[in-house]
Amino acid sequence: MTEILLLLIATVLVNNFVLVQFLGLCPFMGVSNKLETAIGMSMATTFVLTLASVSSYLVNQYILQPLDLMSLRTLSFILVIAVVVQFTEMVVHKTSPTLYRLLGIFLPLITSNCAVLGVALLNVNEQHNFIESIVYGFGAAVGFSLVLILFSALRERIAAADVPLPFKGAAIGMITAGLMSLAFMGFAGLVSFS
Amino acid sequence: MSFFIASSPHHHLRRSTADLMRLVLIAMIPGVLAQWYFFGWGVILQLILAIGVALAAEAVCLLARNREPSSGLRDYTAVVTAALLAVSIPPLAPWWVIVIGTLFSIVIVKHLFGGVGHNIFNPAMAGYVLLLVSFPVQMTSWLPPATIAQELPGFWDSVRVLLFGFTGDGYSLEQIRRVDTGAMLDAVVMATPLDHIKTELAQGYTLSEAKSAIIFQGAAGTGWQWVNLAYLAGGLYLLKQRVITWHIPGALLGSLGLLALIGAVFAPDSLPNVDIHLLSGATMLAAFFIATDPVSAATSTRGKLVYAALIGLLIYVIRTWGGYPDAVAFAVLLANLCVPVIDQYTRPTVYGHHEERR
Amino acid sequence: MSSEYQTLTKNGLWENNPALVQLLGLCPLLAVTGTVTNALGLGIATMLVLIGSNVTVSLVRNFVPKEIRIPVFVIVIATFVTLVELLMNAFTYGLYMALGIFIPLIVTNCAIIGRAEAYASKNPWPQAAFDGFMMGLGFACVLVVLGAMRELLGQGTLFDGAEMLLGEWARDLRIQLVQFDYPLLLAILPPGAFLGMGFLIAGKNWLDGRRLQKAQQSPVVKAQRARVTTVN
Amino acid sequence: MSWIIGIIALSVLALVAGLILGFAAIRFRVEGDPIVEQIDQILPQTQCGQCGYPGCRPYAQAIADGDELNKCPPGGQATIDRLADLLGREAKPLDAAHGAEDVKKVAVIREDECIGCTKCIQACPVDAIMGATRQMHTVIADECTGCDLCVEPCPVDCIDMLPLPSKPERWTWNLEQIPVQNITDAATAQQSQGGER
Amino acid sequence: MLKTMQKNGLILGGFAVLATTLIIIAQLLTADRIEAQQRQELMRTLNTLIPPALHDNDLYSDCILLNRPEVLGLAEQPVYRARINGAPSAVAIRTTAPDGYSGQIHLLVALTPQGVVKGVRVLQHRETPGLGDKIEVERNPWILGFDNQRMRSENDARWAVRRDGGMFDQFTGATITPRAVVNAVARTTWFAQNEMDALFQAPSNCLGDPEQWFEEQS
Amino acid sequence: MSAVQKYSGNDADIRLWSFPGGIHPPERKAPANQAPIQRLALADEFIIPLRQHIGALSEVQVAVGDHVLKGDLLSAPGIEHGLPVHAPTSGEIIEIGEFPLNHPSGLSGPGIRLRSDHLDSWGERKPLADYQQHNHLEVLEHLQHMGIAGLGGAGFPTARKVASAQGIDCLIINGAECEPYIAADDRLMREHADEIVRGSLILQWLTHAKSILIAIEDNKPEAIAAMRNALAQANENTLATQASELALKVVVIPTKYPSGGERQLTQILTGKQVPANGLPADIGILMHNTGTAWAVCRAIDHGEPLLERVVTLTGEAIRRPCTAWVPLGTPVQHLLEQVDFQPEAQQRVIIGGPMMGFTLPHLQVPVIKTTNCVLAPTRKELPPAGPEMPCIRCGACADVCPASLLPQQLYWLANANDYDGLKAHHLADCIECGACAYVCPSEIPLVQYYRQAKAEMREQAIEHHKAEIARQRFEARQARLEREKQERLERHAQAAKAREEALAARKQQPQASDDGAPRTPAKPDANTDPVASAVARAKARKAEREAARAESKESPAESATEAAPPEDPKKAAVAAAIARAKARKAAKQKDEDS
């Protein structure tokens, strides 16, 4: 149990996917202009990331490994992810139109969020078991959501600030992300995992 | 006859930003004096260097941004930033350390975000973290307090160490940092109390073993506790002058103290007690001078409490389990990150909106 | 025709640069730019994939129904990425190890699928190939510049480890420009990547702004106004 | 051998994916484009055609189809910002080619010069001009959008576009615009500038 | 509806077949080269510690996997055995220091059959550049300090960093990394000194999947 | 306030609450409040703006040249919120037009100029002496005809306010006068306490309130004493005349700005908050200024319309500060002349107090119903704000905001023109009290930002509304044009068809004659009937012409001009005008080209 908790803390804070591992940066920069959209994206990503982590684990465990087809990993993972995303979109669309309105536009973006593929690949690299895969996927998503939401609130504030012209927009966003990443270095060594 | 047009109110409480900043600087005096007493001239030199660089950087930035430089310089915010950075770094760190740190604080953390009032991160602490991460060696080279130091460099020796790395007699910083342990032949290089405890505990020693070291001739580390008490005094002055309210220092010290107490009750052998947490490192400086930075802190009363309690929590967590001995700067930056979200969710209930909230 | 290629060049390298303007493919951009060598390696890999996928997508664009376009593109891209990965594994082993997970992650580099969607699926293959090349080049350029900045500040060198990419002879390419006693570690740490990228974007904005200022001195061409009502 | 199985396995995976997507494509076809409506709501409805489209709605449609947001001078920067916000695009400054932002104006016919030709009536997109053939015409100020489309057709040039008169009820607290003012030193000038912003 | 589904499925399936085939062909074509590369890479490190003169066997395949995580940090660490004419001449053990400043440090420790350290190399680490990375031989000769050392007892006091009273330097401002390395090498050395015979007698069992070996590194 | 008690002369049993924030600026009520209310010399000319209240404009009832007596109606009691204005003194109407308003904008508005004959002779007065004999509606109508508007702030028509207030529990008479300098209510309470009480009782009778609370800040001991006295007396009388369980109390509240604000005072006295977007009446409260109560008393008991009010004239640039009875319409210029106004460079003349008042660009503006103070401070006394510095988010403003807003957040949002954000942060609940700007260390004119943002938001709402109408009109027009086009096309089609058939008929005819068929048609078919077809042809032609005209790019006027005989002078003028215009256009074109 503690192991799992530590893994979670490690993925959320210490090895934060966005700020430390550099995964999922495009949506991090792209949909962080408003707190509201950031929350929508976070929810969508959390769901997809966890599901993708699990299903890619299954594909890896039951198809690729027995058949020794490691070179097909990327291909099959991305295919699985695309299906998961589409499937999520369908389910959301069917069950909750309001949620769909909130998340709809983000779901297609998630396919090309490298955090999703990254989780799948890292799961294999780190030889996580089933439970660990779930936790890792979920932790990655929570870490992503956490920084995305904080970042978007910061950006809302920066939008009103008197930023020098060339730095307005993406540039100051990057610099803010840099300072966030600097702050997150404070978590280094909190849990020693590798 | 025509008349002057102005918008109401036509009356103002005459206490400007510059006044506030001056009061902060005044309140820092006891702490700086204590640091000077225990760690020598280095701190004064760092202050001079930092303030000079900060003012120059501020002026250049304002000019580059087509602003009137004099008004920006007269508000003393750059001086406060520089001063807080200067007192946070080891007194005899090489000159370029403070220069890089101050430049980073003023140019990147403050002016790229729009200058005074617009910065979302605490400039001084961001500068400190940059230095800590980039130059860990220099940034952890603290001197032993005067009471146990083999020798404390004088004024000119301090200048030389700062500029060239060696005293007039050719001692390096590394050599100055040795502590006279009396019994042992081989003197040990000085570590700060928190650093010492951290390494010792990591080695598997108990807390009392760690605290038997010479540096703990006092509750929370020789020298360090007095410096902290001096900053506490300055902080109380700020409170009395109503520059700050009790909320931030109260919540910060409260949450840190409470966690330390819980830790000390459950694991007295491996977790430092309340006194160590509150009186060593930069705790008091943080509580009264750094976390209270109005620009980067939460604004509403409830927000301030949450913000400061979060800093306390982070300080405790990072000090106890993290990779860094003192965590003030990281904790403050991490809490800065959360400020907009905190502000968003701790808005006071506006007059007439009580029903809506429920 | 040539003007089409010209716009493609301009777009890829500057106006619509995938990294600086579209902010796509940021992850590899920030993650592997610790040294110029890594940056160059990934830049080339990305460019190869871009060209390959653009050409393929352009060739098959007429057979693929709309609704499965994206999955097909993804398969195409994934195939090329895997091919590149295998090739790098076989021929530039050291670099392959250094870039690690970021090679397979080229798949999700939104710049690639973006180009497939926006350009290759609407244009014949020669243009698509050229577009892929230019976009890839623009991306690689940013990678290399950022890599150079970070390597220089953080290590004082350039082309450290070039032998991993180019073979043993390239060991001599390594240039020690400055010898820092204490390099600015920040530059090679994650925050440095973000800050460096921020400054690159700001630099581009600044140049654009200056150009715009110059351009503004030239008179504005009035646009045609539409008549809402029919009168003469 | 294993790679044959691999090919089969992956193909099956892809086949399933294809089936699902095919199903999705039919089951959830995107209906109508409500975004045009929303864009139209934001446009100022001056119906002046400066954007290059005959009226606001056509421009709304064009924006939805990907045209630039910065072509509507009457809306000005505020409209551009709101459009950018709605569409998640970048807000650019107003395209000077389409004109500059101006104060709100209203058409006024110099009635003694009007020859009653009714050309302005035909030109007005919102029917804000009253009058009949060979009679003096007037503009209903409240209905006039200030599009100035009526100005050009007038054969005798008797239509003026005048800035809306300011009324105390609709005053926007612009202290700067108060006519009589006595500013003698720089500090006060700066102060009132602050007030003006 | 069914028809579109079928069509889409078939097209996607077709692409998948093509893609898979292509990849598998490429894999088959590059497989040898990749293996050779991996082998070469490993041999390069192995050879700096155990020069070709010291062995005439195929180091790469004369290998066992050891399952002693309490000593070697991880399960299934390979041990390569060098022999001249079948007689033990050296052994290279992969070991992992779990307690580096930022995670594990993977090491290769070579010893003579007598248990004297022939050399230590860092295979992979994530220590801070400029601080902890001085354990790399390319940056600092520190790691050469293990050469020709031998442990006298399990708790040989010399096998520690100077700060802890041992014989190995620490780096200024970075004690944790060298301490972790020293401890790992010491554990490994002591283990090897005591189990040397067994190490050489065990039958080779790690061939066939060198890729996995490297996978673990990352 | 449900605990209803008889007035006992002891106010200790009232529990007071507090409101968040608030400030304590120096009060400086002296010296203006030292002397009794004075009467100053009558001005020569009066300017009476038609709108001195919130609500619709009323119609002018007099003409230039009319001689009016004091109290005569000048404009009609309008509909809706409209209030009449009355002649403040006797004299002659010399102008009806646009005059500078007593308004921060310095704009002009409709008004009446009256030249005083210095006789100040009253016209007819119609008191409603025994008001309790009338029904409420009559009394309210009387108040409206007397032009009574709230004297405390917004100038809301009192009759309307009373009429719209249902289920009132407690009537609060606001004598807080929390703003520095102002002493009008203070003096009024000291000198006319009985009339205020009487007015309050009338208002109470109108609203059926169960209690009357007269709230006075503790820095006005004399006013408190005077009001207590008056209450004690009134209590005797009321017990006889009105419901006996009426609670009548003077409540002394702590001095803190802005305790006089309607919402704040409500919170102080009841602990309850007026709901946002609501009125005090929603929680059973009606609040009126002491001056309003006084005016009600004068109107009912003496039949005097609202003609004059107490104005505080103070500030160090005024040598003889005082409070004075000022007829409405008196130019501020005249007032200041009476009290020895010595302007310095960059003098500010403030209408209202230092916290909420606005500056005048010139002194040609009249005193109106809501003018409680003319403040002319020296620069030393109230130094103008220094240069605006960036907000440092110190939170001082939030600490003093009586509405618990986050002023700095509002400021940031206003700066960024984020109107949605402003709405979410409840800008509308800002009472513009200025406490935030008072404490701001960066001297940011926060209130000014809020006012501009509020105005901008209002403007946007209006614009949006107008845009909506424009869109509807545009669409209606498009639809109409489309319909007309359709009709035209149809007519074309019909005409064409008719022509075709006629043609066919014509073709048929010779055939028929060749056949030697009888000349008369077998069937009376209109289509084949030559006469009918001719008619149809004509109709079609006409329709075509009409359609052509409707569609025509040539307007009849233009074709007329072109065809006009040169001797027609009007036509010639038109032609000349067109020629002129064309020349002008050509010249302009040339200008643009070059």
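When the chains are written out, they are named A, B, C, D, E and F in that same order, and each has its own residue count from 1.
The definition used in the following text is that a residue touches a chain if its C-beta (ideal position, glycine included) is under 8 Å from a C-beta of that chain, and two chains touch if they have at least 3 such contacts.
Remember, predicted model here, so these are calculated numbers, not experimental data.
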Contact-graph distance - origin chain A, target chain D: 1
Chain whose Cα centroid lies at the greatest distance from that of chain C: F
Chain located farthest away, centre of chain A as origin (C-alpha): F
Computed distance of Cα centres, chain D from chain B, in Å: 52
Chain centre separation (chain C, chain E; CA means) in Å: 35
Euclidean distance of C-alpha centroids - chain E vs chain F, Å: 85
Numbers and ranges of chain E residues touching at least 2 other chains: 4, 7-8, 11-12, 15-16, 19-20, 23-24, 26-27, 101-102, 128, 131, 218
For chain C, residues contacting two or more additional chains: 65, 67-68, 71, 75, 78-79, 82, 86, 101, 182, 185-186, 189, 191, 195, 230-232
Chain A: positions in contact with at least two other chains: 69, 71-72, 75, 79, 82-83, 125, 157, 162, 167, 169, 172, 175, 179, 182, 185, 188-189
Complex contacts: residues of chain E adjacent to chain A: 16, 19-20, 23-24, 26-27, 98-104, 126, 211, 215-216, 218
Chain C residues touching chain E - in the complex, by the definition given at the top: 63-65, 67-68, 71-72, 75-76, 78-79, 82-83, 86-87, 89-91, 93-94, 97, 100-101, 154-155, 182-183, 185, 188-189
Contact footprint of chain B on chain F as seen in their complex: 19-20, 23, 25, 180, 263, 267, 273-278, 343, 346-350, 352, 354-363, 375, 377, 382-387, 389-395, 398-399, 402-406, 408-409, 425-426, 429, 432, 434-435, 437-443, 445, 447-448, 451
Sites on chain F touched by chain D in the complex: 101, 103-107, 109, 345-346, 361-362, 384-388, 415, 417, 444-445, 448-449, 451-452, 455-456, 458-459, 462-463, 466-471, 473-474, 476-478, 555-558, 574, 577-578, 580-581, 584-585
Residue numbers on chain D that touch chain C, as the complex places them: 14, 17-18, 21-22, 24-25, 47-55, 71, 95-98, 119, 122-125, 147, 149, 153
